[in-house]
Each structure stands twice: as structure tokens, then as C-alpha cells.
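Labels run A, B, C and D following the written order; every chain starts at residue 1.
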Amino acid sequence: MTSAAPILQVRDLLKTFGAVVAAKDINIDVSKGEIVGIIGANGAGKTCFVNMVTGYLAPTAGSIVFEGTELVGKGPREVTHAGISRSFQVSQVFHSMTVEENLRIALAIAENRGVNALRLMESDALEAKCSDVLRRYKLEPHKHMTVSVLSQGIRKLLDIAMAVVSEPRILLLDEPTSGISVEEKFDFMDVVMGALKEDNVTVLFVEHDMEIVERYVSRVLAFYQGEIIADMAPDKALADNKVREFVIGKRH
Amino acid sequence: METFLTILLDGLQFSSYLFIVSAGLTIIFGVMKILNVCHGSFYAWGAYTAAFFIGKFSDMGLPDALGFLIIIAAAIVVGVVLGLIIEQGILKHMYHRDEVLIVLATFGLFLVLEDIILIAFGTDPYFAYQPMALLESVEMGGVIRDVYGLTLIGVATFVAVGCWLLLNKTKWGVILKAVIFDREMGISMGINVPFVYTLTFIGGAILGGLGGAYIAPTISVAPGLGTEVIVLSFAVVVVGGMGSIAGAAIGSLIIGLLRALAVHELPQVELFVVFAVMAIVLVFRPEGLFAPAKPRKI
Amino acid sequence: MTKSIIAGAVGLAAISAITFGAGVAQAKDSITIAVPSFLTGGAAGPFGIPAMNGAKMVADAINKGALPAPYNTKGFGGAVASIIELDEGGGGTKQVAEYRNLVEKRNVDAVVGYISSGNCQALAPVVEELKQFTIFATCGTPRIFEEAPRKYLFRTMGHATADNVAAAMYVKEKFPNLSSYTGINQNYAWGQDSWRDFDLTMKQIMPGATASDKFQFPKVFVGQYGSEISALSLDKAELVHSSFWGGDLESFIFQSSARGLFKNKIGVMTVGGTAAYRLGKKLPNGLIIGARGPYGILVKDRDTPLNKWFIETYKNIYGIYPSGPAYQYGQAILAAKIAYDKAGSDATDEQLADALRGITFESFSTTIEMSLGGGHQAVTENGYGVTKYDDENGENVVTDVKFYPGSCVMPPEGVESVQWINGGMKGAKC
Amino acid sequence: MLRDTTSKVVLFGGIAIILLGAIMPNWIVNQLMFGFSRALAILGLLVLWRTGLVSFGHAFYFGLGAYTVAIVDIQLGVTDVFVRLFGGAIIAGIAGFIIGFIMRNYRDIFFAMLNTAISMVLYGIIVKTESLGSTDGFAISLPTIFGIAPETKYPLFIIITMIAMISALLINFYLKTTVGRLTTPIRDNEIRVEYLGFSVAHAIHLKYTISAVLAGGAGALMAMSLGQVDPDSMINWTVSGELVFITILSGPGNVIAPFIGSLVFEVLRTYAFELAPQAWQLIVGATFLTVIFFLPGGIWSLIAKLGRKKS
């Protein structure tokens, strides 16, 4: 798995907020097709890492190379253009619009970059793509509903669906199952991971729920106090002493 | 030396005037995020009320010294009555709406209040020179100055120190600062935000009324005097940083002193001073010299 | 307050009646005259309202045939005039739009009024474009009839040049040894023209006196002159010229008299006349004031039947002496009557203009010769006096009143004001 | 581009108004010219407002357009209606583009107020400069059309109506493009828009520039139809307030709304002034408040309601 040339290379990443060190000595290689779970206690630096990779936060030092391009110094929009998308812990969608409208605008932006943004937005091709995404993410029943009235789970699905319409090569999911009930979480993840597999996307996701980690990921990164303390297969990681103590610890 | 002293006094006097009229505007903005266009109406109503009663009392043969009481009373009455009516009657029902709509509503109110002044007080100007005449004049630096004008500096200092003490030395100040920094946080801390809003608006209105009432004895109180004040106080607030009392003070001083300097040394450019300062600040620091801190919202 | 509400309601009703009636009245036993004046803003009290009062009083008397001879015939060419009151505030552009409405929508027969030079400047081309018989009553800029020949537009009083040339002459007479002078004027056409004409005339007739380089031009309607008064106090100049008017004038007089500015300096206020009746004891003694012509306090003692009628009637109705603007609007309405009497109540705008062009007539306080601008611009005498508070009667009076004939203070036909002054005022008959 | 109902209404309505103009009394033609001229600025404000941005200072661009006409007339003797119009629109557009670099970083009340501040600087400069006409402003000579000086206002009226039609059609089209649709999304969630790969700053900059061009064109047309410019009627903060008021009065629903709203305002002001010369501000102000409270969707929401009832 790690034999292929890495698609994402993170080197010596450092992020400090004044005296607080939020991330330190982060070195990761991610290969195409991997599904990586990022675990760690609250404040361990997981979301900070996601924010740095996706251009929301500028690292204090270090480099992030994606498909040979340096991402440090780029903003969210440029990172998206480079081919990395993300979802959010609290879904970031257009709450006063319907599900369908949300997807339509996301698709239109992905299709019409630059001057093309001055073309008519609606087209048959766009409608076709839109219904395809609605189908794959099982959003069809809700398509005419305004987002603000929908449940957290549907919003999260929409959030992820909007992130992938730009056909990214890497997708970062920030706690996809947070806010979703225990009964629904596997169904939810099945929909998401099934759809992502079709698109052949490399996925990194932050997760608290070890059941989810065990079931879906091929590799685990464990964060503790801004540093990576373990980078291994999930079965090993969950058995690892350090991981058990600092990450899972008192939870289980 | 004579010229220098005169410029300094002229500048301080004009700065004081600017500060008194802009303090209320910036307080209301800071706490409520409302650009209160009818601040000009508070000013005009303060001036009219004071001038009307100073004239009436003088006609009745009462001592002119009462004029100072009238000025304070006029500011408080105008602030409380108009402030309460406008905040409770109109603005309270709009806090869930767009801030800009609230600005527009205050603009509508401004137009209405302007014409109500005409209906209530008529078009004839009022004169309330008695307090100014009472304090007579002194010679300073080769120039005769009216003492009344100099007391303006005292009033402005009083207002500035009062605001500082209120904000920094009282429990109220803590509450206000919490609401200024983040309204939601204020609510979650259990602060009665609507009540804070009402009091703030009344407080700002009193300051607006005080500006007008205190200036009334030195001018001919005539219709339309509120329009000019909005422009000036807005300029001060933009230069100082919207919502900052310290900013309003510094903004007033910069504009006031520079203007006095221009009047004495280069009268041709006097007219540009306010706008030149404003333009420079806008280009280099669009948020003003003392922009209050803002919470991160993500 | 109730009274003003009732008055407002009655006025409203009257105006709506006029508005709806206007379209129907074809028989010309009645005409409508629009009278724009400042009804709101700082200029309303000292200027706009007295002006409107003067116009209404004279129109009313004409409708009743109550004016003294030779104007004791009833009506405007026999027709009864109704007055439409209009606010002049809001700037020239708004006035242009309103003027178009007056002419094209409300179909008024004549427009008589306007105080602000800015408004007159903006309206002059529109008057000609719409071919509407119009008389400017008060506004002062000389440019109106110097810029272009006018056909339908008239002005029944002298322009700013006369005010300031007369002021300089009066100063020369009273203070022949004056060594220096300065000024404070509003920063727009009126103030700038006034200062320019005064300054240029002084250079011509009193070359020994020098102008200060620190003359002040505050913005109009500011009302706060603390720094300016300090600067004027420190200035070595012996005389201060000002064309302030309305609320600004009164604020300036308050602030400067509290600071004793005119204890050491001579003050010349070209529009000071309006303040004389209003400020009473607050007006400093010894100010040189004008009234933009022979009006108001300057002609209080003129004993002609027309003037006596004007002062008495005005005092009866409004309780105070008429100031300059009342006279100026009154005489403009009178000019409209003369035109209508001559051309008939159903006359076209062209015929009305022909009737007024170039005539000479007796107005309430003076003789008006429509002799400049191709017979469209009036020439009148212009005068100044010195203020003095009369303790006995508790009112202000003016002493040392001196009038200069129109031909002495205004340029002859075809010569622009500035050129005329710079050329040494050739042809002036003093 | 012309297939939807709105475009058809604009097209046929515009032609009908042009034809009717030939037989309407002059004062109505005047009101239509003023209304349509001002409506262009409102159209621009509508583009901003849909994105949640309200500028309390667009009199800056309105005045810039008007004063451009005055200055090219007086300094260069340019009388051609199109040169003046495009001159005004382009100058305002360039200014809007430059100022847009500052404005695109601000939202809500700060956006509104910074615009006010900038408009006041221009107001202050013009009021205080004699060569720019000071408070008096300038009279503008009658425009010519391809070298011909028209006898009546009718040709100018046709041009204004056609410019209004073209602008309405273009904005109607723009609102259906991808960037034109970025209205509610920007209001709802800027972060998401950025992560979808669109620069919010660029989108707002474009909208701001469009609104500046339209306001400049509006000012230029207004100056020509009135024949006069002055700072109090063109640049003062009260003018900006009026523009925002008409925008709210019109409602954001449709590109036709600004034209209806402007005409309603024109009529309201004319009659308020006629009925109560001393209290017309009160009438206008009270109407402001009434609309804000009882008609939040503007006049267009009434029309839309009528339309729904019928169908």
C-alpha cells in the first residue's frame, strides 16, 4: 500500500499560537487510494492538521506537498482548485437554500471556473449531474427541503456531497459521524464510503468513534498534544499501549 | 506664542464640541451595532428644548443662571423621552432584522423628527444667549474669549472621564464590554441584553441632546441644524474607529486641532481638513485608528 | 403649537383646492402664481418666511384692490391670483425638478421668488427652455443676466455687485484712513462673489488699504465660528467684511459679540439688515449694515404712501417691521401685477415678458428701472447705515444712512461686473 | 437570453412605454426619465443587496457619474449623450473597481458605513472646491444625439428607456449566471463558498463594480435629464439613504422591481412636496418606516402575491 508514490507529503509541520503548540513534527506520506483515520483526544491537533492541509490555517513552519505542488501559502480556494476537498465537523452548507440548490451551486462552481462563471448556471448537464449526486448520497427524498429544517445527518451527507462534486483526489472529513445517532452511524458511513469508493478518492478522516475507525480505515494516525504518536494499521493501533493510554484511554 | 495658545484653545474647544456630539453616536454603535442617523435629531431636539426654556425662563424674569440647569434637564428629558420612544417603539422590534434596515429606519425617523421640529417650534430661530452672556469673557493670548465656550472643554472632559470610569471601574462597565465584544456571549452569560440596549440607547441620546443643548446658547437655533452634525460626528467616529470612545476622543482632537491650525495659518485649506483626515484614515486603516477588538466567529 | 397645526391643515386644504382647481380655470378670471421660498432649514426664519409673508400680503392686497395708487386696481389684469407656496430647500437640482413640475404638471401662470443664488443659477436655463414667465425676487449673483440673454426671466432687484460696491464706497466715506481689511464669507457662489466684488472695489477706490491674506471662507450652515473669530481677532486688519445671511449671520453675530470682535474692529454686513429687527439689543452698535438695497430697516422712515402702506399693513398682520426679503418678494409680486395689467390676464408668457421688459416703476420703497440684461435686470439704489440701539423705544435703528444711485454701483449695460470694477468703474454716475 | 417571462415583460413593456411617451404629457415623461435614470442605480444596489450587502454610500458613484457629465460638458464641451453616459459609467466603474479592493473585505454595517465615509469625502471635496461648483453645482447643456440637437425631450426619453431596458436584460442574465447566483450562498456561508473553490472576495468585487457602473450611468442620465448637478442632490449622504430606501421599497424579487419602485418614489415625493411643502420630509420618512415594517419584501412582493393568486 505504501509502496506507490505518495500523493500527499507532509514534512516537519509546526503550528504555534503564541506559546501554545498546536502541531509539531508532523511527517506523513499518504498514497493514492488510502483511507486514513485520524484519531486523538480533544485538542490533540486533529482539526488543526485538517485546517492546515486545506489552507484555512497557515502553518508556522514545514511543508505540505500535494501531487508535487507546495500547498503552504495557499488559501482554501486554491487548495480546492489543486484537488483537495474537505467536510466540516459542523456542516457548512447554505442553510436557507434547498438541498438541490445547494448541490446545484456547488456543481456550478466546480464546472465554471474563471470567466466561465459568467455563463448561465442552469444547464441539462448540470441537472443530470445533480440528480446523480442526489441519488448516490441518498438525498433525493429531501431535495426540495430547505436545509435549516433537516436533521444533522442529512446536513452532513449534503456537506460531504458538496465537497466531492469538484472531483477531488483527496478528501478530508472532519468528524463525519459527530452529531449522528448511534443507530444511524453505520448506515451513514456506508452511504458515504460507498459513494467515495466509486469516485476513487483518497480519504483522510478525523474520528472519535473507534468502531467506525476499525470498520472503515486502512491506516490510523494517532495525535497527542500536537504530535503523531502512532502511524499504523488500525488493528495494531487499537492494540498499541500508547494509543490506548493517550487516545482511547479512559473512554473505553 | 500668542498664536500658538489661541490655536490650541480654539482646537480644544472645537474638539470638545466634536467629542460631545460623537460620543453618543459611537457608544450606541459600539454596543448595539446601530449607526443611529437620528442622532442628529437628538442634537436638534436638545438645542430646541434648551433654547425654548431658557428664553421662556428669561422672559419670566427668573435668574439666568438657571440656564445651566435647563441645559442639563433638556438633555436628560430629550434623551429619555425620545430615546425611550424610539428604542421601545421602533428599534426593539427590529433587532432580529438586518442591521442596515435599522440604519434605514433611523434615517426615516430622522426625516420625521426634523419636520416635527418645524411643526412644534415653527421656523423662527430661537436665541438662548443668556448663559453665554452671564459668563462674560476673558482675554487670553491677546484674544477675547467667551468663558462659556471654554467651559465646553470641561464638559467634554467630564463626559470622557465619566465614560471611562463607567466602562472600567463599574460592574456596568464589565457588562457593557461583554456585550460590545460579543452579543451572543453576553446573552449566554445571563446578561439582560434588551435592557442593556435600552439604557445604552437612552445614554447615547442624552449625550446627543447634551451636545445640542450646550451649543444652543452660542448659535441661532434654527431648523436643519441636525443634518450638519451627523456628517461631523460620523467623520469623527470613522476616524477614531467605530464604537470606540477613546477613538472618538482621539478623532475629535486630531480633527479639531488640525482645523484650528488651518483656520489660523492657511484658511484656504480649512475646509478640507476633516475630509482629508478621513480619507487618509480610510485608505490606510479603514476600520479607524482604534477599532475595537472583534471576536473570531468560526 | 395647536395653532400651527390648524394653520398647516388649512394651508393643506387650500393648496389641495388650488391644485385641483388649477387645471379647470381657463377663463382667466383667476391665475396661479407659484412663490418658492425657504420654508424649511436655517434660512426659513430670517429670510424665507418674511419673504413669503411679503408676497402673500401684496398678492392679497392686489386681489382686493387695496394697494395705494397707482396700483389700486383690482387683481392682476383683473384676475384674482392664488399663491402656491413652495419650499426652496434641497438644492438646485431638486429645484429644477420641482420647477419642471410647476410648469408642466401644475400649469402655473407665473413663478415669482427664489432666494438662493445657487437655485437661481440652476433655474435660469430651465426658465428659458420651458418659456415660462418668471421673476427672481431676491437672489444676488450677477452672473444670471451676464452669462446669456434671457427672454422670459426677470429680476426685480439689484445684484451682489451693487451691494459690495456700495459697501466699499460707504467705508471710504466713513473711514478714509482705513489701512487694512479682511472678510468672512460663506464658501459658495454668494460668499465668493461678494468678497471678490468688495475686495476688487476696495483695491480701486481705496488703494491705500490692504487686504489681509487670512480672509475666512467657512462652509455654509456650519453655525460654529470659534476658530474663525479668534483668527479674525488676531488679524491686524481694521475692518471685517461679511455677506453672511440667515441663521449663519445670527450665529456669527452672537459669537463675535460675546467675544468683543466688533469692539476693536469695524464690521460691514452686507445682509445685516434682516438681523436688525430680530436680534434687538444683541446686535452690536456701530455695525455697518446693508439690506441688499433700499429695503427693511434702511427705509423705515421713507414717507411715501406706498412705503407707509407696506410697513403698516405688514406690522398689523405679522406684528413686526418688514425686513428686506419681505420688500423684495412684495415688489416682485407687484412687478407681476404691472405686467398682467399691461398685457391682460390671458396674456401669453411672451406678452407678459414684453410688458415687463425695460420698464421703470415705483415699488414700495424705491424706483426700479429694468435697464440691465436687455431690460430684464433691475437697477435700484443701494445703501448702508450704522446700527444703534435706541434705548427709548427698545429697538434697533440705523444712523448715517446713505444711498448710492443704481447707476453708481452697478455696471452699465453690456459690461460684466468684474471687468467693470477692474476697469475703474467707468460710466458710474454717482 | 430573452426567453423568460421577465425578459419579455422588460422588452414589450419598454417598447410600450416608448410609444406611449409620444402622447404622454411632458411632466409624466419627465417623471419617467427621472425614475428610470435612478432605477439603474437601484438595479446595482439590488445586485449587492441579494448578496446581503447594503451600501449607504452609493451616491458616491451616482454623483461621480453626474459630475463626469458636468465636467466633460464644461471643460471639453462634450454634448453627445452616449459619450457622456458611458463616460460617467466608466469613471464610476473604475472608481468602484479600485475602491472595491477595500470594500470586498467588509460586510454588514461596516460595509454600509465605509461606503458612507467614502461618499462623504467626495462630497466634502466638491462642496469646498470653487472650480468644482461648490454647493451650487453646474448647469448642464442639453445633450445631442449623434451631433443632432433634439427639439424636445422625447429622444432623450427614448434613449433612457432603452438603456434601462438593456441594463435590466443584462442584469437579469447576470443573475442567472454562476457568479450571479452566488447571492444567498455568500450570505449563508462564505467559508463553504471558498471551499467550493470560488473566491468570495472576487465575487463581491465584481458585484460592487457592476453596482458602481450602474450608479454612475444613473447619475449621468439623471444629470442630463435634469440639466443640473449639485452636491446636495447628487452626493450627500441623504441621497445614498434615498437610494437604499428605494431599493427596499422596490424589493429584491425581480429586475423590474427597481423601475416600479423608482417611479413610485418619484410620484410619492412629487405629491408629498405638492401637498405639504413644509412637511414633505415627514411624509417620505413615515413611508420609509411603513415599508420597513409592513412591506419587507417591497412592492415586488405585492406584485408577486397578485401573480400567485391569479395562477
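Here are a few things to note about the model shown:
We take it that a contact is a pair of C-beta atoms (placed from the backbone, for glycine too) under 8 Å apart; a residue touches a chain by one contact, two chains touch by 3 or more.
In this text the structure is predicted, and so the values were computed from the model without any measurement.
Nearest to the global CA centroid, when each chain is reduced to the mean of its CA atoms, is chain D.
The interface holding more C-beta pairs in contact, when A-D is weighed against B-D, is B-D. Centroids of chain A and chain C (each the mean of its C-alpha atoms) stand 78 Å apart. Spacing of chain A relative to chain D, judged by their CA centroids, is 44 angstrom. Measuring from the averaged C-alpha position of chain B to that of chain D gives a distance of 33 Å.
In terms of their C-alpha centroids, the spacing between chain C and chain D amounts to 38 Å. Annotation for chain D: residues touching 2 or more other chains are 127-128, 191, 278-281. Residue numbers of chain B whose C-beta contacts span two or more other chains: 114-115, 118-119, 123, 271. In chain A, no residue touches at least two other chains. On chain A, the positions that touch chain D within their shared complex are 54, 75-77, 80-81, 85-86, 92-97, 105-106, 108-113, 116-122, 162-163, 166. Contacts from chain D toward chain C in the complex involve residues 25-27, 30, 34, 127-128, 130, 134-137, 139, 142, 226-234, 270, 273-281. Interface residues of chain C facing chain B in the complex, by the touch rule stated above, are 1, 4-5, 8, 39-42, 44-46, 48-49, 89, 187, 214-219, 221-224, 226-228, 230-231, 233-234, 246-247, 250-251, 254-255, 258-261, 263, 278-279, 282. Within the complex formed with chain A, the chain D residues making contact are 173-174, 176-182, 184-185, 187-189, 191-199.
Listing the residues of chain C that touch chain D in their complex gives 8, 12, 15-16, 19, 39-40, 85-87, 90-94, 96-98, 100-101, 104-106, 117-118, 121-122, 124-126, 129, 187-189, 192, 219-220.
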